[in-house]
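What follows is a set of structures for review.
First chain A sits with chain B, and in the next complex the same chain sits with chain C.
After this line comes the complex of A and B, so read on.
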């Protein structure tokens, strides 16, 4: 537990829906609804799920681009201390809970502010989905990549240029590209610029929000290989959000499958692909088109769409689309439980039988 | 399986005349869709897949233009001999086959549907445009059945008699119109191959009269303007609506009576895509063109849509032209496939053959760069990016990125050769012209 870089506990993010004459809050979109997630240093955790399941919101909340409604995010905290605070928070003693609340101010990313938060922002970065929209069209490449350096005052003004050149070199661009605007680049090159910008502050953790979904296959391969190389070189930790399962399989060590704001299943990549336990994971995996005409597999075709997160189904959130539904699934919400006592976890009432 | 051709393009050049220059989007594209097959068109964005099929539908938008080449359709037995060349045909002719004989599923259901029209209004258009005769006949039959059930002489019966009379008038007008158009089309078809001045003039005449042909409805046109008499249309609308609901039901849309009243923004992505498919399928086309039908959908929804298209292929449609950039989908759906690159056809083969034995260096690179289910080693990649088609590379358009480039590749566009039976490739490695390695 001591090597966890990020420890997310019971994270919730609700967006209010207002209505009526006074624009009162009448409901919540429960985008993320109680997620526990731990990431180790140097690993790549793939977060998969359909659109609208809350994977991007979860990522952005961990980065504090969105402030969570509830829950704790520990970043780079000592594991023992985290456990201690968590124990105090859940203790029956009101005084202990109050003390834990005070301690959280300095530990919980969600409660930090000012200088602490700014310092932490250095260590967490993001690469967005569509590089066309995430790069300012009026800024030169050198200013785009230098922006985090100047904002965080990390290097002296006269050293900025050298550092920008170095960063461009790392992602496979040259000094010729410095004085150009984003529109002069192809999609793959733009994504390289975005990656260089994310690397500028020497982060420990980078959130990859579908970094290759806007790219063509041949370019996607280039970017994936680059990301893999960078991860080894700089000992980076990635949270890789995507809906493309074969990409996740290629790049991640572990996978978390999300469905409607909660984690349905998580575990090491190879194990999940070899032996999916949750019916949703099974359907998801069987739906991947495999680029090989010789293998014809039996597909599990799910009916219907992802339900509305304003009013998620009672019990197991997947039950209206699940083929193995039982009475208990309709009423009791399954908790994420460990399968083998280790990190393989699943939230399903019937995983043992299926 | 027979190998009857259904549609083919011959040396198609489509260019876009933009401010920056002429974008040479298609550089002599030859594709052949056979009857009864699912034919795939793969390639990266900007390789001309969409432009190819848009040319085949003749819906290339300005500033684009089909500059040369032929597109030949073999839609029925009579035309089997040499097919209809559609680049020269008029827009009204295209309107009569679009949606009826060939139809298209567009990429983005959000953009393909009109946000201010309900689902019913959008789907029923095809029936009203192409199947009017059938609709009126069915309405009349329904009214006959109803009258025989009712007592004679009731006042409502009298209204029904007037309505039926008007419908019959309209039916006759529609039939006369269809007959006239059919005659013109036949004559045009006879004249297609001859090109002396007299027949050219006759062709121009025929095209003009086809463009201006309208069903002559006479009294019906007057009746449509009178509120009380206009009611006969309601009967017709009910028939069309029943057809739409039935169609949606066969496409596996739950609760179609309710869905037809909704507007596109009320539908989820998968549902909206099903509506787009419904519009394309309304008249049971011979050729269905699916332009990246699943590119913005989730994998589970994608699986539903793909399964639906496969099912429809078995039951309703003859051939499917399936465009995608996802090689996984190609492997799953298609029989034969063409790989395109920068406006050129690189390679055409059966799916099995292409995946087992790709010949063109681009096809080889493309297949290697896709993450597989068992991906052990590092992903292979193709260096560089797709070229700008305003100033495309000389010779083979792939040469700047090609790992096996030779001198000749820079100078000459490779011919397409049949390497093994049914496996066509356009690459100097296989044309027999040796240029020596660069």
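After this line comes the complex of A and C, so read on.
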């Protein structure tokens, strides 16, 4: 069995909506609503979905930039131990559940604080979408890249400079760039700086939050290749959040498709592209432009918008926009089930027939 | 590698220095900024050289010497180059030493307000929630009471004098600084580089001091430089109303208040006492104008929308 680096169980992130004179909580925006996700060491998992489906929120919750409303996030925990705790959590015995709760304090990223959390920050990093926003405009490149090292005092002060030079070399920049401000760089170079910063602490896992979306197409390819090279070189694990399917096809081993706070379908990249099972995935894939004008394809055009995450539709979340809707879809919420007994999973009542 | 080291030798200047030079260049490009700066420098020199220009005769140099108690102001003469005010206080002496008082009031009030504003604004903006609510509602209360009414009440409570004016202005002005810096911090707090710093394991203090404040300081610095002049005006207004320093203190507002009875002149000659009104008024205007021009210049130089990035 593969060792999971990250194991997300039943994760929920609700944002309260307040109203009235007393700012009472009147509803929740259910940005992430019950996600199970496991990531193996060294893989790149592509998380795709349209705007507002909760993919970025899911990523930021895993990074603990936001604290989840419910659910567990295991990072670098022993698989057997995770199963044991999960079993205890779901057992009927109240005492066992209490004991599991105590154990979770040291295991669940979502419950960690202080020193434990700080130690994990070394192993988890992030690269943001827009490098103009993610680099402090008032800081020199030298200090930006060194920040994770100096903030946690991981490296002796006199060694910081050498490490920063090394990092810049890794991402294809030179020591000339040390004493400059971010505004003196192009978009691609800025993203390289952001990547160098993410690598500074030698992390195991990097969340890529649409790292190429803000860049020119020509630069996108360079950055993607750089990311791929780094992944192999440092045996990194990526969670690659994007809405760009071809980027995901290029870089990911596996894909998870998100719709309205839940995972609709997941599996190995090649299989998803070859044989999408969920109607939503089919619609997404059919929207990829084909460079050959002669090819005639059936395009699935989705009607309507993503429903309001404050009040998601009953039953299958996709049913108001689905062409194959049946009575069961309106009432019963489909669970993510394995298609081939393995890692190919889909949450649809009718995947067998379609 | 050879060419790289060469390049570095060509560009030996530290980037911070480079930025400062760039700022200075932009500043000097505008003639109005230069005029503003010159005015302030001239006033500064006068304030510093006050003991040389007008050697004090009293034990307390801030007491204007007066030649007799005659009520009627006397026009400029050899003994009093700018004339005297009511009760024969020497105008020139008062204005020269008054420059010191003006800088004291302006700089002290604005510096204290900056400090209070930055601390409270940072707390409110960064932590939000109940802290924000409490601080900003107190600020609202200050906004709700008419300025002069509150100022008078406070002066009465504290007691007259230059010190009282300074304290009152600090108490009454901090809410506007706090508001400005809070709103800038709210904007900066949402930026990705703050999240990146958090993901890097930076502490709250580190994030506030090395990321948020350097990026959120501009508006409040602009406000401060514009406000030094306004503060002097307000202090003068308080003095004019008889709430400022004691009679005979070298303070511009005080000198203006001494002219209150002579603004109209005599029945035959409306401008009989022009000097006692015009001269201190002109000096105050120049001082305030200097700070306003300087404040505008600071805005032009620092406003991120006008800067190149």
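A few remarks follow.
The working rule: the second predicted complex is superposed on the first by the 350 of 354 C-alpha atoms of A that agree within 3 Å, B and C clash if a C-alpha of one lies under 4 Å from a C-alpha of the other, contacts with A are read in each partner's own complex, and residues count from 1 in each chain.
Keep this in mind: a residue touches a chain if its C-beta (ideal position, glycine included) is under 8 Å from a C-beta of that chain, and two chains touch if they have at least 3 such contacts.
Given the structure is predicted, the values throughout are model-derived calculations rather than measurements.
After superposition on chain A, the partners chain B and chain C are seen to fit next to each other with no clash.
Once the two complexes are laid over each other on the shared chain, residue contacts for A:189 go to chain B alone; chain C is not touched.
Within the superposed three-chain model, A:337 lies out of touch with both chain B and chain C [touch as defined at top]. By the touch criterion stated above, A:179 is placed in contact with chain C alone, chain B being left untouched. For the three-chain arrangement built by superposition, the Cα-centre angle with chain A at its corner and chain B and chain C at its ends equals 70°, in steps of 10. Once the two complexes are laid over each other on the shared chain, residue contacts for A:126 go to chain C alone; chain B is not touched.
Look at A:93: by the touch rule set out above, it reaches neither chain B nor chain C. When the shared chain is aligned, no partner comes close enough to touch A:159: not chain B, not chain C. Within the superposed three-chain model, A:249 lies in touch with chain B and out of touch with chain C [touch as defined at top].
Closest approach of chain B to chain C, taken over C-alpha atoms in the A-based superposition, is 9 Å. Overlaid on A, the two complexes show chain B and chain C touching no common residue of chain A. Residues of chain B that touch chain A in their complex: 44-45, 254, 268-271, 298-304, 306-307, 325-332, 351-352, 355-356, 365-367, 369-373, 375, 378-383, 385-386. By the touch criterion given at the top, residues 50-51, 186-189, 216-222, 224-225, 228, 243, 245-247, 249-250, 273, 283-284, 286-294, 299, 301-306 of chain A touch chain B in their complex.
Touching chain C in their complex are the following residues of chain A: 60, 63, 65, 118, 121-122, 124-126, 128-130, 133-140, 147-148, 151-152, 174-176, 179-181, 183, 194, 197, 200-201. Taken in their complex, chain C has these residues touching chain A: 4, 7-8, 14-15, 19, 191-193, 195-203, 206, 210-211, 214-215, 308-309.
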